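Shared between the two complexes below is chain A, which pairs with chain B and chain C, respectively.
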Partner chain A sequence: MSIDVIFKIAAIGILVTVLNQILIRSGREEQAMMVTLAGVVVVLMMVITMINNLFTAVKTIFQLY
Partner chain B sequence: MQFIMIKIIGMIMVLISSTLIGYLKSLKYTLRRRTIRAILSSLNILITEITYNQITLSEAFAKLSETSESGIGKLFLIASQILNSNEGYTASEAWEIALDKVGDLNLNQDDIRILKSFGKGLGNSDIYNQEKNFKLASELLKKQLNDAEELSKKNEKLYKNLGVLVGIAVIIIFL
Partner chain C sequence: MEIVQIVAIGIICVIILSILRETNKDLAVIISLIASILIFFIVIPKISNIITVLNTIADKSGINSIYVTTILKIIGIAYIAEFGVQLSNDANEKNIATKIELAGKIIIVFLSLPIIIALVDTIVSIMP
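Up next is the complex of A and B:
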């Protein structure tokens, strides 16, 4: 669990916001929406991987199931 | 240490290439605007020469091919060559063949249609009608110029910024 992932997620968040504003400003709202959704999906993929690791670790430590 | 170096080199390459792609896509709009402006001024010179100097179309085209900017000069050059080759083409036929032969002019379908209809009226009637034909084409082209300027204002900056930002996004997500 390195600290880099947090920076990556923050940077993606900033980038998606900037792209969103640029696309909305120039009138292409559907593409702005698509970019936002894509950003959310990408971050979700990263987070899901980490949550998976978390659950595996908890399972191993407590030997529950 | 080596790993970081290669990563940095890769990042720079991705950034440069995506910026260039954005720039290339924005060039289309810039070039179209510039080309329409060049055509307007060249046609202006053409009609002035025809009205006040009474030179032949082939000479006028040859003159124009030297003073026009970039792509437009080629169009006039081909037209004047066709007229000079003495194969019996009329002026409007030569204009149309030159339009087809000149390859990529960075213009829209609409612009080319305006040019083609201008060519149909070329050399077909007297000076007064030539002027009217030219005025019509010039008005239409001015409207296209406005259109192109609007589009270009909206899209040029957009594509350039998009290129840079997508490059950064790719770097962040994959590296």
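Up next is the complex of A and C:
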């Protein structure tokens, strides 16, 4: 758990936005959408484990089984 | 000083969010989610200390431990429900936020039923 994750995701977001703009300008709307989707999927894979950690931590602390 | 860490995380996230909010909304929601997770993980050791102290106080004063665990469960459910509600509100999904809130309230009432029953029993036994 460190702040690196936030920087990683911000970098992914900016990169995806730039790629999106370039692809749209060069007239490839479908590929631009695919890039956006891929970015969201990659970030979601990173986030899912963190959400799982959070929920297990809350469950163990507050004795919710 | 954890508070400096927490405020730093908050400020950094706000700056990143203000950039990403216009261009990439879905990632902005995920970043705010991660920020709240990180901040909660900083506070976790303090919470567990507080809870152990509460438990020892309850043991010393002879309160039935069921009540203390019920209260802890209610706090946990309220926290998780609030988490979901705030996230849905951030993503402009008011409908789902309201449903999560309602479900959280119903589960809290359900969990507090044993306490209500105990209260009613006490009142009935006091009445002549």
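Basically, the second predicted complex is superposed on the first by the 65 of 65 C-alpha atoms of A that agree within 3 Å, B and C clash if a C-alpha of one lies under 4 Å from a C-alpha of the other, contacts with A are read in each partner's own complex, and residues count from 1 in each chain.
By definition in this document, a contact is a pair of C-beta atoms (placed from the backbone, for glycine too) under 8 Å apart; a residue touches a chain by one contact, two chains touch by 3 or more.
Keep in mind that this is a model prediction, so the values were computed, not measured.
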{"item": "Joint occupancy of chain A by chain B and chain C, clash or fit", "value": "fit"}
{"item": "Chain A-centred angle between chain C and chain B, computed on Cα centres after superposition, in steps of 10 °", "value": "180"}
{"item": "Chain A residues touched by each partner, larger count belonging to chain B or chain C", "value": "C"}
{"item": "Touching partner for A:Ile22 - first (chain B), second (chain C), both, neither", "value": "first"}
{"item": "Chain B versus chain C as contact partner of A:Leu64, first or second or both or neither", "value": "second"}
{"item": "First, second, both or neither for A:Leu54, with chain B first and chain C second", "value": "second"}
{"item": "Which of chain B and chain C A:Met33 touches, first, second, both or neither", "value": "neither"}
{"item": "Partner chain in contact with A:Leu44 - chain B first, chain C second, else both or neither", "value": "second"}
{"item": "Per-pair minimum CA distance [chain C against chain B, superposed on A] in Å", "value": "14"}
{"item": "Doubly contacted residues of chain A, that is, touched by chain B and again by chain C", "value": "12"}
{"item": "Sites on chain A touched by chain B in the complex", "value": "8, 11-12, 15, 18-19, 22-23, 26-27, 42"}
{"item": "Chain A-touching residues of chain C, taken from the complex the two chains share", "value": "9, 12-13, 16, 19-20, 23-24, 26-28, 30-31, 33-35, 37-38, 40-41, 44, 47-48, 51, 69, 72-73, 75-77, 79-80"}
{"item": "In the complex with chain C, residue positions of chain A that touch it", "value": "1-3, 5-6, 9-10, 12-14, 16-17, 36, 39-40, 43-44, 47, 50-51, 53-55, 57-59, 61-64"}
{"item": "Chain A-facing residues of chain B, complex", "value": "154-155, 158, 161-162, 165, 168-169, 172-173"}
